[in-house]
Structures are given as C-alpha cells and as structure tokens.
Amino acid sequence: MLVELAYLAATVLFILSLHWMSDPRTARRGVGAGVAAMVIGVAATWARPDIAKHLWVVLPILAAIVPGVWLSMVPLTAVPQRTALSHAFGGLAAGLVGTAKFAYWYGHEPEMLTAFRMGAIGLEVLLGYLTFTGSLIAAAKLQEVKWVPQRPWVYSGQQAVNLGAFGAALVLGVMLVVWPTEPWSPWAFGVLVLLALNFGWMLVMPIGGADMPTVIAILNAYAGLAAVAMGFVLDNKLLITAGALDGSSGLILSIIMCRAMNRSFFNVLFGAFGQAQAKGAAGEQKVYKPETPDNAAAILEQAGSVVVVPGYGMAVAQAQHKVRELYDALKKRGISVKFAIHPVAGRMPGHMNVLLAEAEIPYEDLVEMDEINPEMPRCDVCLVLGANDVVNPAARFDTSSPIYGMPIIDADKARTVFAVKRSKNPGFAGIDNELYFLDKTWMLFGDAKGVVGEVVKHLGDGGR
Amino acid sequence: MLVELAYLAATVLFILSLHWMSDPRTARRGVGAGVAAMVIGVAATWARPDIAKHLWVVLPILAAIVPGVWLSMVPLTAVPQRTALSHAFGGLAAGLVGTAKFAYWYGHEPEMLTAFRMGAIGLEVLLGYLTFTGSLIAAAKLQEVKWVPQRPWVYSGQQAVNLGAFGAALVLGVMLVVWPTEPWSPWAFGVLVLLALNFGWMLVMPIGGADMPTVIAILNAYAGLAAVAMGFVLDNKLLITAGALDGSSGLILSIIMCRAMNRSFFNVLFGAFGQAQAKGAAGEQKVYKPETPDNAAAILEQAGSVVVVPGYGMAVAQAQHKVRELYDALKKRGISVKFAIHPVAGRMPGHMNVLLAEAEIPYEDLVEMDEINPEMPRCDVCLVLGANDVVNPAARFDTSSPIYGMPIIDADKARTVFAVKRSKNPGFAGIDNELYFLDKTWMLFGDAKGVVGEVVKHLGDGGR
Amino acid sequence: MGQVFVLAAAAAQVPASHGTAPLDYVSMLFVFTLATFIGIGVIRRVSRLLHTPLMSLTNAISAIAVVGAIIVAGGSEEYPLYVRVMGAVALFASMTNIISGFLITDRMLKMFRTREGRPGGTAGSGGAL
Amino acid sequence: MGQVFVLAAAAAQVPASHGTAPLDYVSMLFVFTLATFIGIGVIRRVSRLLHTPLMSLTNAISAIAVVGAIIVAGGSEEYPLYVRVMGAVALFASMTNIISGFLITDRMLKMFRTREGRPGGTAGSGGAL
C-alpha cells in the first residue's frame, strides 16, 4: 500500500517539476523536484516485496553512472545529438521490458496475457523499438555522420513500402491480441519487433537533417507513450502519469516548432522537405558589398540601438563569448543592445537562448521575435550573425520559396544591416537571401568568432 | 464498462467547461460543455444495470424543473443569496445519500462497511450537513432576514464550545470507523449527523454579513469535497473528479477574495471581523461639501477622461442602466470613460462586472484596479458611485483601521472627485472615509440612480 | 460445498461498484490528486470578470451528487422505503441545483458583450433580465 | 473441493499487480487522461527561453521506465536468464538517461542569469562549461 502512496508523491513532484520550469527563476527547483520524484519512484519500486534479486538491480545502476555523467558533459552544440541518443536509450528500455514481460508470461503465467495487456505490450514494443532506431538515425543525422545521408533519402515506391509494413504490423498486433498464447505467438511477436525496428529506420531516413529537432520532439512523445503502455501492462500509475506528462510535452514542443517554421505537422513527418533544391534562379549576378570589421566598429559606435540576430552560424563558430564582449563594449557606451531570438534559429528550439545564457548574457535582453519586430524600424544597426533563413525576406512574398510563410525577423527594416557569414553559399534551406543585396546591407565575410573578435578589438582601442 | 467510459467523457467535458471559462468570448461554450457532461453523467448512471426503479428517478427530476427554473430567474442583486441556497441543496443531497447508503448497508450488507468506506461516509455526511445549515444561514444573512442578526453573533465561551463539539464529532467518527457494524453504530451515526448540522450553524453565525461571499466560496469547496467523499464511497470516478474541480474552485476563489480584502483566510473564518466598531474618533467635525447634479454635469462636460468607481451602493440602487446612459452621453462628447473595478467592490467577487455587463457596457472598458491605478493621476473627474471602503485612503496609512493594508482604488489621486451616497453614515466596514473631506471632493447626496439620472438629464439638454 | 462455491462466485464477479478490490481506493486517491491539480490550474486562468458566473457554474457542477442520488433512489436492491425517499429528496435537490445553476450562469454570460456586439458565435437574444 | 477453494482464495487476495480486476484498466485510462490534461496545461506555460532544457528534463522524466526495468531485473519470480538480462540492459539504459538528463538540464539552467546575478536562491558556481 505504501508503495502506491510513494508513487502518488512521485507523480505530484513530477507535475511540480514541470510547473516550476515555467520561469527561469524557479527552473532549478524544477530539476530538484524531478530528481526527488525519480529517487522516490526507484526506491519505492526497489522496496516492493516482489523484488528480490538486488544484485541484478544494483549492478546496472552503478554501471550507468559513468556513461550518464559522460553524456551530460557533452558540449552545448552537441545537445541535440545527446537528446536524440538518450531517446534511443529510453525507447530501448521500454521495448526490452515489454519483450521480457511477454517472454516470461508466455512461458510461465499464460493466463496473465489478457487481451488488454497483450495490446498494451504490443504498443509498448512497437513504440519502444521504433523510438530506438528512429532516435539513433536522428542522432547520426545531427552528428552529420558520413554514411548517413543528410539530404532526405527518398526512393520511388517509398510511401507504398511504408504503408505495407505498417499494415503488416497492425495485422500481427491484432492476431497477437486475439490469440496471445498460441504456439506461434512468440514468432509473431519476434516479427513485430523486427518490423518496429524497421519502422524507426523507415520513418526518419526520408526526413532532411534540418527537421531533426522536430523529429526528436516527436520521438520524445513516442518514448513517453511507450512508458504509458508499460504502465498499462504493469498496472503502475506512476509510469502512466510520468509517461503522459512526457508524451504531452513532446507533442506540444513539436507543434510549437512546426508552427514557428510555418510548416504543417504532417508535412514535416512525411513531406520530403529540403530535397536538394534546383539552384536558385541565377538571374543577374547579385552584388555583395563586403565591409571591414573596423568600419563596422566605427558605425556601431555611432549607433543608438543595436539588435543582434544570432543564427546557426554563431553556434557552429562558438562565438557567443566574443558576442558577450561586444555586448559589454556597446553597453559601456550606453548603446542599447538586444538579441532577436527567432524560435527556430539554430538547430534546436531555444538553442540560441542557451548559447547566449552560457555566455552569461542576462536573459532579459533576449527578446522574442514577435516583441522585437515592431521595434526593428527604430533599430540603428542590425548585426546578423550566422543567421540566414530566419532573416530572409523571401519568406514574406516569394510563394515558391520553401520557407514561404515562415515568420521572420524584420532585419531588412533596420537602418543598416551587417551580415556575418563565411561564404556566399545559401543557408539551411538552400535558397538565396535577398537581405544581402539590399543597399543598406554590408557583408562581413569570415568566421563569426573571428569577425566579432575584430570588431570588439576596434571598438576597444578606438574607444571614446 | 461503457458506463465508465461515459464517466471519462463527462470528466473531460467538465474540465473543458472550466477551461473555456477563462475568456468571456468562449465562456458560453463552457456552459454548453458543462450541460453535456451532466447529461452524459446522469444518462450513464441511469443506464446502469443495477438501476431498476425508474419511477423513483423520473418523478424527482420532473419535480425539480419548476423550482430549478424559478431559482434561475432571480434578480441579479439576489445572486449571492441564490448561490448560497443552492449550496444548501448540494450539501443536503450529499448528506442524504451518505445516510441512505449507511442505513442500507448497515441493515443489509454489513460487510460492505469497510473502514475506508465508513470513513468516507462519515466525511461525506459531516461536510454535507455542515454545508447545508451553513449555507442556509449565509443565505439568510445576505437576504438580511430579520431574525438572523447581521452583525456577527459572538458570545464569550464560543471558541470553547466550537472546539468541544468538533472534538466530539472526531471521536464519534473514529469510533464508527473502527466498529462500523455494532448495534450502537446507527445511534453514533445519528449523533454525528446532528453535530454536523449544528456545525454549520456554529461556524457561520459568528461571521459578519460582510464576509458572506467568502463564506459562500468556502461552502462551495465543502460541497465539492462532499461529492468527492461520495465518490470514494460509491467508487465512482466522475464524482471524485467533478467534486475535486468544484472543491479547488471554491478554495481558490475564497483565497483570491481574502487577498483582495487583504485579510487572512482564518481571520475571515474565525476572527469576528466587523463587530459594531466604537464610532470613529469624533474629533473635529469634518466638513462635507455638497454639490448639485447640474454643476457636476457642467464639470463633467469639460473633463477629458472620466473614471467611474462603482460600489455596493450602485448595486443596491440598481443604477447600472442610468450609468449606461451617462456612459453613452459622455462617449458621444468624445470623453474617455473607464470603470475602475475593485476586486471586492459590492458583495460578490466580480459583482460589479456582472451588473455593468447587464447594462450592456462593453467589458473592455471595465478596468482592473491594478491597471487603472497608474492612470488615476491623469484622470480629470472620478465619479465614486456608491463605493466607500474600496476608495478609503485610510487603508494606506491608518494601521488601526480594519481595512488597513487593503489595496484600494486611488480615487484621491484624480483631479476632481464626485462621491454619490445617500447619507453621511459609514460604509460596510463601519469607518469614516477621508476621501470625502479632501478639498477636491464634492458630495452628491442622494440615491445613486436618482443622482446619475439628474446628471444625465443636465448633460442632455446642456449638450454642446 | 454449496456456500463455498457461492462465496467464490460472489467474490469473483460481483459488480465492481460493490466489491472494491483492496487497492482500489489508491487509484481513487490518484484520480483525486490529479483532478485537483487540473482544477487549480484551470480555475486560476478564469478571468476576474467571470468570477460570479464561475461560482454558479461550479455550483452546478458540484451537483454531480445527482449520480449518487440516482444510485440510491433507483437502485435495484430492495431499499427500505425511508432510504429510497432520502435518495429521491437528494435527487430533487441536486436536480434543482443543476437546472438553476446552468440557466443562471448562461443568463449572466449572455450579458458580457464586446464593443462590436455579441461575444461568441451564438446570436443570443437581448440581454434584458 | 480443494481446487474450488484454492481458486476462490487465489482470486480473492491475489496481489493486485498481478490479477488486475477487470475494471482496473478503466481507472488507468482515467489517470492517463487526467495526466495528459495536466501535461498540456503545464507545458504550455514553460517559457520559450527554456525549451531546450525542457526537452532534456522531459527526456529524463520519460526514463521512468526504470521502474519497469527494476521489476523485471529484480523480480522474485524465477525469470529465465535471458529475460533478466533484458531487464538489466533496460535498467542500465534508463539509468543513464536519468543521470545524464538531470545533470545536463541543471547545467543549462545554471547559465540563465538575471542582470543582478544568480537566478533563484542557490549561489551556484560559475557557469563556465
């Protein structure tokens, strides 16, 4: 009885943990509540009368400490890959428990395999293994691992094959639910597992590297639902609630990201966005106006208000600390500095916030896109730092462009625009950017970190 | 099995119903969802296999239609009393079902009276009957029924008697839980019922008429908890969820009201606030500067922005329609008119909003206290209409005053103030109001409806 | 031998509403806690304007006790008369609550109107009392 | 006669986690629906700034599967070896998730700082990697 109450306490703590995440000030208490809930959950389960083999429990936990800590020390830019990898672990765990329970019950307590529980096991295994392989591929794509193609891997009859496999899995599932304890049941189960593993691979491969963050969010939801299915199998309320919380969070995050990228949920999942675009219409050769960091520094000094638009480039170049120096230098001169954060800048939702926070830039100065846009016309200098698609005016009028309709930061409304990027090639969506050819835009070619470092140096010595 | 799913659907609809109440635009859909949920709940219960005596179900429902509709046609000012009365009905229903179940199980299925269920029945009966009598007295106090004293009815050993009775009830409860099926159990149960009825009376009588709205909110929470207890007794999830939703709403509403009145929760319940205060220190006779409605109308015409502070007086005088005419007259002259709504103006939370809404004044012009206060210094004319405590500056500095610390509307910051009230006696908290003696304050003595009517007339004919 | 079997049969398939499994009240506790969390989360978001209608709406919702009343009033067990009468009175009381609660809430809500006229889609009739 | 009794006894007091009463999955469904409502309500309020830490936090929370893994790995029933190994691997995987998930979330949150310095009470160390 006490175990159930402990589960209730753990559930309450999980809810509070997510509740406290609503505000940076209370966020860390949220983590504390989460840890406490997990400890109670594990301790209560361990203390259950029907747990005897303690060695089998202690060893894996001890073994997990080293990889656990190592995985948490990963550099910030690798956060997306790490999350994908741990989703793979989560999916694997759910799948394995489902398979273990089925194998045991089939062999020893067949009467346990009621239709309801068999259905739950089937779901748990399907979701678990699907998340496992899907997340592995997502991690590989994010890590830009060589043999996994970045571009969506599309072949002709793909939809047909997908549907066929899905149908087969469904039929198998129904058969298992109706006759769970037949001699051929374990074989059907095995095939189901293989199909599930295959699904992960089939669903994620055709999705371009760009959409991985959304895919990770969806896989997060699947991992949560797998935990819910496990809860139904083991009649464990804590699993159900925690799984539901995780599932709904994954779902909402992916919806938010899709809306920010202005692309429908299904389009991301099934539409093979990001095929290698036929090169943008060459048309007349647009003119880039290169500029030097010291002139840029001079103009920045005269500016009253500066808005920095960070993008994936800043993350790759790890330029956030240099950006912090620029922020301090400008602030010392009484210049108002704001950071325009586009919801899908970079490769993870909130990716820019974390980077800038890491450079200890106060989060009050990180301004959401919708709040900053109205003020852009009054901004003297807009420094586009490694951002491309999120400031591309094409999204507003060019219906043919893949990012058409995506809300963007109105960098083109600022008085002067400096764009920092290494080369002339396009950004993530592979399309040209009108912004660079406006007469008020000056290009600062080079690595983000280097260029910003130069500018700060010039600001430093030329200081008033 | 289907019945349980129907209960789940009803629960979801109840949650949505409260969710849609978050915004006036979607509020009416909320009522629709609530009705649907109730219909599903009743239908599912009726269709249960163990319900046979249909006549016994149909007759009471039909009989309830007439009083139900009559009770809903009650005039708006009587809304507080109506709500109190229906809480009494709710409490009675919970108490009766608990008693009936106990009587039946005791006589026919004693093994059903497990400790847990006995405890739940005890709680249900205690809460139910307590809410029943408590709400009846609250309704009487609000209706200012003659034989129920408005002023808190306090006698010397009161706390001792209360605690004694409470202790007795507790002991009885424990005894019943331990020996639910003893020959003397029904007697113990009877005494418990009487004690519960007595509690309602003892708890509510010593609370002044002023605090009835908070008392109603708390009784609302008790009625909800009684429904939860009934859910535990009958192992019915719909009762538990709906009861929990109602209970938490009652709780939060009373906390909000206490905070708005800046008085602690317990102080309202137990502190006998509002004893007939020794008359305010007479000191030098303060000077009221009476004014006439036509002068007031002249000054109003020159005003650029007018803020109306409605209070209990406007509700009593049913002046909201006249106020609407004033609103239109001023608006026609391009004068900005806003209504400053104090959270506890009147006698019910949101009482003023409902009255002004009834007069079809657009709710965008009803401004919360915290939003209007910063703008008060720029307000040309502040028309205090039957409000007293909510605009009494004493709350800011006079620590001895009972309303000390209560956030108020800064009417005294406006350029000119007109205060409409019938006489010189104090408001609800029985204390003098400094506002009336400021040199910029002019008194418009008379009934709110009459005075406003006069002003509108003068505005009308003297129109530019 | 007979009773044992009867007992077993009774225990095995007694309708759940009667023979609750020992652990069942824990799941009830779970449902109660989660529902309270939802309640607090949802009520906090109700706009101040609507506090009075909210009170009458939750009052109507608390009349869910009608479910218990139906079980007592219409129960197939041979309830003694006075028990069934109690059930009927409870049913009458909560039904009145439901009808009056929802009606008055709707009446109050109909009065809230934005500047351009009727809030929400329904082209309700005039708001007069 | 013996079996009947045994059956009755078994049915009567089998630990709930095994012989779930037929109606039990409905209460599980209830718990699932309510939890999802809470999830949606709570997640919607998480500030945009914290979406990345939120993802790693919920990832750690989804590692609640560790409970299932412990039941399999440490179960007193005589599980065949390969089943117990599966449980151990699952336990290892979800434990790694828990440790890395909570640690990295905390690391990221420590970086968020208001102008006057450390957010929240804890006087954490410098935010450097």
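Chains: A, B, C and D, in written order; residue numbering restarts at 1 for each.
FYI, contacts are C-beta pairs under 8 Å (C-beta built on N, C-alpha and C of every residue); 3 or more make two chains touch, one makes a residue touch a chain.
Because the structure is a prediction, the values reported are computed rather than measured.
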Which of B-C and A-C has more C-beta pairs touching across its chains:
B-C
Max Cα-centre separation from subunit A goes to chain B
Distance between the CA centroids of subunit A and subunit D (whole Å) is 21
Between subunit A and subunit C, tell me the centre distance in angstrom, where each centre is the average of that chain's C-alpha atoms.
42
Averaged over CA atoms, how far is the centre of subunit C from the centre of subunit D? Could you give it in whole Å?
32
Could you list the positions in subunit B whose residues touch two or more of the other chains?
11, 15, 237, 241
By residue number and range, which residues of subunit C touch two or more other chains?
16, 23-24, 27-28, 30-31, 34-35, 37-38, 42
Among all the chains shown, which pairs meet the touch rule set out at the top?
A-C, A-D, B-C, B-D, C-D
In their complex, what parts of subunit A are in touch with subunit D?
11, 14-15, 17-19, 21-31, 34-35, 37-38, 41-42, 45-46, 48-54, 56-57, 59-61, 63-65, 67-72, 74-76, 79, 82-83, 86-87, 89-90, 92-94, 96-97, 99-101, 103-104, 107-109, 112, 116-117, 216-217, 220, 223-224, 226-228, 230-250, 252-253, 256, 341, 343, 348-351, 353-354, 357-358, 360, 362-364, 366, 368
Residue numbers of subunit A touching subunit C in their complex, please.
1, 4-5, 8, 11-12, 15, 237, 241
Of all residues in subunit D, which touch subunit C in the complex?
1, 4-5, 7-8, 11-13, 16, 21-24, 27-28, 30-31, 34-35, 37-38, 41-42
What residues on subunit D touch subunit A, complex-wise?
15-18, 20, 24-25, 28, 31-32, 35-36, 38-40, 42-80, 82-84, 86-115, 119-120, 122, 124, 127, 129
The residues of subunit D that touch subunit B in their complex are 23, 26-27, 29-30, 33-34, 37
